[in-house]
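Chain IDs A, B, C and D follow the sequence of writing; residue 1 opens each chain.
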Amino acid sequence: MNPLTLIVLPLLGAIATAIGPSSWARWTAFLFSLAVLAGSIVCAVQFPEWHTGRYWPDANEGSTLKAFGISMQLGGDSVNMLLLLLTTFMVPLTLAGSFSGITERHREYYTWFMLLEASLMLAFLSRDLILFYVGYEFTLVPMFFLISIWGGTQRRPAAIKFFLFTFLGSIFTLAAGIYVAARSAEASGVWDFGLASLTRFGCEQLTDREQFWVFAGLVAGFAVKTPVFPVHSWLPLAHDQAPTGGSVILAAVLLKLGTYGVYRIALPMAPAGAVELASFFGVLGILAIVVTAMICWVQTDVKKLIAYSSISHMGFVIMGLFAFNPIGMQGSIMYMISHGLSTGALFLCIGMIYERFHTKEMDAMSGLARHMPVWGTFMIIFTLASLGLPGLNGFPGEFLCLMGTFVAEHDQPAGYPGVMGPWFAVVAAGGLILGAMYLLIMLGKIVWGPLKVPGASADPHEHAHGDQGHGGLSRDLNVREIAILLPIAIACFFTGLYPRLLLDVTEPSAREALVSFPEHVNAYNAARGKVNPSGAKQSVTLMPSPTGSLPRLMIEQPLQVTP
Amino acid sequence: MSTTANIVERFCSLTPELVVFCGSVVVGVTGLSKSRSIRNATSFICTLSLVLALIAMAQNWGGRVSSGILLPTVSLYVGALALLMGIGFVALATGSMDRLYEDALSRGVTTFDANKVFRGEFFAFMLLSICGVMLVPGSPDLIWLFLALELTSLPTYIMVAISRGTRRAQEAAVKYFFLGAMSTAMLVYGFAMLYGSTGSLQFVHIKDALTAQAAMGGIDAVGTIGLIMIMIGLCFKMTAAPMHFYAPDVYEGAAAPVTAFLSFIPKIAGLTALLLVLHAAGWGTSLPQSLQATLWMVSVLTMTLGNVGAILQRNTKRMMSYSSISHSGYMLMAFIAGPELGLPALLVYLLAYGLSNGALFGGLISVERQGQEIEKLEDLAGLARRHPSAAAWIALGSASLMGMPPFLGFWAKLILFIAVIKAGHTPLVVIAAVNSVISVWYYLRLAGVPILSPAGPAAEGVVKAPSAWPRLAAMVFGISVLLLPFFLNRIMNAATAAARPVPNATTLEVQKATAVVIAPTVVDRTHPN
Amino acid sequence: MIGTLAQAPSHGVTIALTFSAVLFALGLIGFLVRRNMILMFLCTELMLQAAAIAFIAFGRVHMDTGGQVFVIFILTVAAAEAAMALGLVVLLYRRRETLSAEAWQELHE
Amino acid sequence: MSGSFLAVAVLGDAAQAAHTGSHLESLVNAVIPKATAAPELAWAGWILLLPVLSAVLCTAFAALRVKNKLPAIVTVVSLGAAFALVLKLYLMRGPEAAPVVVHLWDWMNFSWGGGPWKSFQADVSLYIDSLTLLWMLFVTGLGTLIALYASEYMESDRGAGYCRFFFGVSIFLLAMSALVMADNLVLLYFGWEGVGLASYLLIGYDYHRPAAVEAAKKAFIMNRIGDLGLAVGIWLIWVNYGSVEFATLFQVFTNATSDAGGWDRSLIPFCLMLGAFGKSAQLPLFTWLPDAMEGPTPVSALIHAATMVTAGVYLLARMEPLFVLHPHAMTTVAWVGGLTALLAATIGMAQYDIKRVFAYSTISQLGYMFMGLGVGTAFGAAYHVLTHAFFKALLFLTAGAIMHGFAGQLDLRRLSGLRRVPGFGIVCWTMLIGCLWLSAFPYTAGFFSKDIILVQAMSQPKFQLLGWIGLATAGLTAYYTFRVWFRVCAGPVSFVSGELAHQTDHAQHATTADLHGAPHAHTGTASHSSHANESHAGGFHPHAPRLAINFVLLLLGLGAILSGIPGIQSLRGQHNWVQEMVYASTAVRASGELHTTTPVAFGLDAHGIVSVFGIGAALGGILIAWWLHRLNRRMADRLRSMLLSNSLTRWLPTSMENKWYVDEVYHALFRLPMWIASHLLNFFDRHIVDGLMVNGLGRVPVLIGRLFQPLYNGLLQGYATTMAGGLVLVLAWVAWKWLGAGGAA
């Protein structure tokens, strides 16, 4: 399967949607997105490098700007494939979820959506910094229109803030990338924007100081996109105002672009800078986890709450990434996937409520489990997934991210020293409690409690009869909506119960990304007087019994055993 | 080589310019014809002469002289660019600029009105200005440069004055003309200083003299002051700070096709003139630090003032004037980057800027209300519903100008940033990047209002402009913004070839490359020198 | 430059250059302070002529005719500009019945 | 029996163990045998899968709108089958078999090198040893019985609610089985959180009542705090020992005599403790359990009395090899247990809601268990878990039967003489059994199990104070237990029906014709005292329990009686079944009682002391209860009002009735500051981060633009001046910077 197909197919979809009649738009787009899904599955089946960490297919579809070595290098390793699958999996579901929510300008909506998918495909498939940037940046345009045409009442400022903020960040990313390429060209005399060569050059030949600034620049964009704590303020607004489909794809895939960028570009390209800034980002991650979780607590708008929860969750990913060990890395990849599934699904659920009641205020509704039991069931599943209940998808990622942070010490025995350590992890793990708090409060307000249907007339019997609910939709979820949520729920369970599949395939990639880190981390720690004793903390310290057979009982007892 | 032969040879080598000049003479006559059909042919003749000039350039009619010219290859590229864009500007003006007078004529009014555009003179001036800009990069000496610049500028003063027949247009003309005259004086005074420092008017000699001075411990005070004054004088042409103040008023007052013209033709005249002057001053090798610093400052000031000015605007043309100012700032960065990468970057940027700007103006010109052009941003609300193509070109142009990938503007900006970073001026790029973000603000508004806002009462009565030519031009501009990124390699090759430092060896190559880009139909019949 | 001037054939050159600088400054100041458009235009002519004087002076310094050639072209262009300026001024006067530049303040922020 | 046990448990030379004393020494010195893989036991995975199956079926029934008892039947059958499988496993292996690991499937399992610390293995595997089986036997057994009880108890909710209930029960059994059978700490964590989830879902079963929702939330969050401790403990264990698998860990622990290391190493047991205290409702995380009584009574019995809350005890027993290396941890466990026991008992004395009294008694008894673990008798703790499981489940189920019969009435002031109400005979008499056992009436199972713990405490000087506290608590326990029984079952017949009888109409309004539309009866608490005196004049007829409930009560009563057998054996110095099971497991290393053939306290036989004082405390408590709540109830009221009227003593009843204000203190110390902080942060985020910083930054270009706006004033001369000024400035700058000194650039 030529990866170019995966980019061209949604583009064709966009064109077909744009020129076809408005009434066909949704189906055209949906069918094309299904085709992309099928294509990506074929790709995944063909993908031979699941367990090697190598890239496939290393296809070069011609040079885009030969003078600077910018070329259409496409291909991916297992992490790319996973994110690709996540995207192609979520897009058809999101499109189907928009069928009833989008009531005007159908053609434009679905066209933008297909363009969005195309640019996401490009971003996840390119092996060239500039083309990655093209895909990465162009996602802003469809998203901008999705928010500002079909969004809520504050849609315009929200869209502009989203666009400007992200643009501001990512242009620094571009500048930093160009800087590395320019230095590389200086050194070798040949321009090359291929990620592989840039990464190699960046980590091997840039000085620590350069790496610091390069990393800061690269991460500036990715941090905004992720979003990391103090630069997150576009997200609640954008999520809140976006139409359901926009929110879903924003949470499920677009945020992953940021963390993917950190994982694939920023960390390997400037490891010394990453190490230098790791504790800073660790603190930011903690702030994201704890502070936004507390902010979630006082939200009254359920969509805003979930938006803030996204920030909190991405904090875990950041912690995992900056742990610099396979546990954290793989945990954060797991978490990216699982956050895409569960938060996306939560937004879909909220969208379904919004289509029926036209409100997202938690105080306006209550006890909907009685009114819409099927919806309630899904809502509970995804909420639990979101709060990291073991057995569901959120847990492995969260657990491993925090564990990775935990063992990210200078003398930790995993062979991958880090700069964070237990205190970071323990504080961040406070997010486990806070996360449970706000999510359960949300459940308690809208799913549980005495029945209160928003906008309902005083006479409750009116709802009792007739299955017809609000907005021309059935009272509980209809078959289409169940068909949207069910695959996600199944994916949630599968990921939670058999994460091995993902862990296996991400392991080589994570090790590849980490390859130059132990050295830099050791140097960094040594400069701070924390020497890594030959790589590993010895199992030490369990003192062997003096006689080899007679351990000393540590509880005091009246009858002492004579040795 | 005898002087006479030299003069003849050089005169022959100006065939493309002469074609355009002849065109302007013809147009000046036919435009005044009593017969409506002949009058209507004016813009065709215009286009014809431009196309002929292009062919002449590609086919190398009349030979090519490169001795005594600092950047002969650049002059080809710039000339081709001016001609190509000129065709677009002619199309933008056709059927929109001359409507008032034609309407009056059709009503039977035949009295002369100095306030009204007459086809003949308007298009003649347009061609003259294009002719001027073509002459600028090929200047062998200061006199030529001075005359070429004046040939570019003087017609535009009149074009502004007669563009709309309104007080605003005349006010624009007043400001443009008087400030232009002042800047010319500064420029000429700078020329005098430069002459005084080097003792020659020939660029080749000036270059030698300045290089020698630089090697001796720096260009002397008179020379430095001269160079600075020339630069500041040229800043007027390219609307760079601190000489940009006229631009918003003039661009707002002039009719939209003239504004589009102003935001490109005089600008490239100024930029290429600066190119020559800097080249003479040892660009890339021994450019005095004072000039470098001044350039840096002017560039930063220009882009910043342009962008922060634009975000306050509600008038599209005024906004575009600030946008044009800010792009001058970006282009000035190329001068700081040095000739090796900066020059190709500048050349690509010129192309991208011209096309994107053209697409945007084309979108604006292709709608009107009661015969008046649309100026207020609010009037554009809901445009996407009624005139989707106009809205699309505006959006495309904005996206490209803001540097949104994958449109042409992005690639131009990318190459520019690459050049500047390679030259070691990363902070400058950071400033430019921040400026890009500021620019996103108003470009988004420009692109967004037609698509997002529902058509309010302000947007009542907005209809398609009667003439198809501006729409066609807009379409061509817009599509090229969209599709040219697929031909980036060719564009880059052409620009690189044009920017090659050794002139003689590469003239043919540039010709080829230029021909490949601009006139694919005639590429195979390129003559050798 | 200082050196060049020191070797200048006569002090007349220095005087001429100073004169040209003063003339340029006068023209500039005049341009800035006068409101009458014709006077303003004349001030720009003054500045151009200042440049012309400088050219001639420098031509003398370098014993080069180029400076004088340039002056001819300056005069020509100045004439062209003058023609245009007068045309424009007439046009404007017919419109506003005044020659004050301050009358034209409709376009601004 | 004991001989074979020793032969297996002691890897050392069994032949040298000639007499009892050396038997026991060798026992303690035992190296825990390395678990072997037992792929042939893969069928044990069905113990986990059966509850999954029933959960899935319950979901399907809900989707298919099944309105009969099918969910209950499916659940009871599958749980019964699970019990049968556990039994089969037990019979196959006997009590002393070496531990085995049964690998089911890979879960979180990846490696980046060889050896410890270079891999992370947390699979879905079962670690089966005698401790596992001991727990699984009563978990699945009681689970089956209580599901059976619930099939009748919940029948008025048939429909979606019924399915939901049994779904929850199935999920609980799944999670609890995973917790108990896990072969690694992460799977244990899975079960740990899973039982929390089940608890959440079931406490919030009546989700239309805000109190239930609130209680469910509180339970989950309090548990999460504990879970955090457990998680940190797991991470620390991995960091320090490179594995989270029991089989590996126990080998590491048994080869050690002390666990000196960094601060993090000594922190491990405390982290695990925090988890255990959360799950088992000990200080300081106990406040969720009384509130959890908002759940249906079978849930209270199963989850919040018999099984889930003992998970903490299980965890500590399972990790004993680690705890014995940390004496301070053991001491802490003991003290926390003892203090919780006392505190909960004092609160229990002053509660009026029967279920709440039992809830506090559960906390108190769990305190005993932890005390047992802490003072070094894993056997005593496990035995107390077992006996407590029976009698406390029994007590809750009787309370449930009463609630079921009296429309949710649980206020012991409004129920009296129920044993004379037709149909409640079995309920009252089985309740009496439960009360006697709970109050450690001499020679009941409760007496034995408590005795073992207190003897162990008394026989160690440093724990003697704890022993006295335990004894005092035993007296309090006897008092408040019989306070309930004498109030409710004895005395003249009189009762007030619960509020649910009045609320039925409202409920029907509120619930519409929904599937769950049936009135959610049977779980309300009689907190609305305004209805108190409306008595049964409204023609209320108690609803006597039927077959399933009575059968289960009798069975549990029998179980409670039988659970005394090991105690009698133990008293006679014989080894008994529970002891065998404990000693054959990892908990053996903490079993200090093995060393003390004759425990001594104050130079006397500790058993004797504890027996005498224990019997005295129990009988005293019962007598006082009898005096105050059977004979002379007005006296009790007068006593209370006397205490209340005296300003010096007022605090005592008030604070006891108000649960020592622990909830309020927590609210003031944690919830309120956090609430305020959250609002502040929200404000900060909106107005400082977004408003001031982001929007402010956004305003900067506009402000700069406005700053320069006056320059574009539209005046020709203005522009000219600015331009000329610009030129002059640039020239001046250049001249000053480059031309000033040497005259050359």
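The rule is simple: contacts are C-beta pairs under 8 Å (C-beta built on N, C-alpha and C of every residue); 3 or more make two chains touch, one makes a residue touch a chain.
Fair warning: this is a prediction, and the values are worked out from it, not measured in the lab.
If you compare B-D with A-D, the chain pair joined by more contacting C-beta pairs is A-D.
Once CA atoms are averaged chain by chain and compared with the all-protein CA average, the nearest chain turns out to be A. Look at where the CA atoms of chain B average out and do the same for chain D: the two points lie 78 Å apart.
Note: centroid distance chain A to chain D, computed from Cα atoms, is 34 Å. For this pair, chain A with chain B, the centres built from the Cα atoms lie 45 Å apart. Each chain gets a centre from the mean of its Cα atoms; for chain C and chain D, those two points are 96 Å apart. Shown for chain D are the residues in touch with two or more other chains, namely 709, 712, 714, 716, 720, 724, 743. With touch defined as above, residues shared between interfaces to two or more other chains in chain C number as follows: 1-2, 28, 31, 40, 101, 104-109.
Residue positions of chain B with contacts to 2 or more other chains are 174-175, 178, 182, 186, 220-221, 223, 248-249, 312, 441.
Contacts between chains, counted with the stated touch criterion, involve the pairs A-B, A-D, B-C, B-D, C-D.
Across the complex, chain B is touched by residues 63-68, 130, 133-134, 137-138, 140-141, 144-145, 148-149, 156, 160, 163-164, 167-168, 171-172, 174-175, 178-179, 181-182, 185-186 of chain A. Listed in rising order, the residues of chain D touching chain C in the complex are 709-710, 712-717, 720-721, 724, 743.
Touching chain B in their complex are the following residues of chain C: 1-4, 17, 20, 24, 27-28, 31, 37, 40-41, 44, 47-48, 50-52, 54-55, 57-59, 61-62, 64, 66-67, 69-70, 73-74, 77, 80-81, 84-85, 87-88, 91-92, 94-96, 101, 104-109.
Taken in their complex, chain B has these residues touching chain A: 344, 399, 404-406, 410-411, 414-415, 417-418, 421-422, 426, 429-430, 433-434, 436-437, 440-441, 444, 448, 451-452, 485, 488-489, 492-493, 496.
Taken in their complex, chain C has these residues touching chain D: 1-2, 28, 31-33, 35, 40, 101-102, 104-109.
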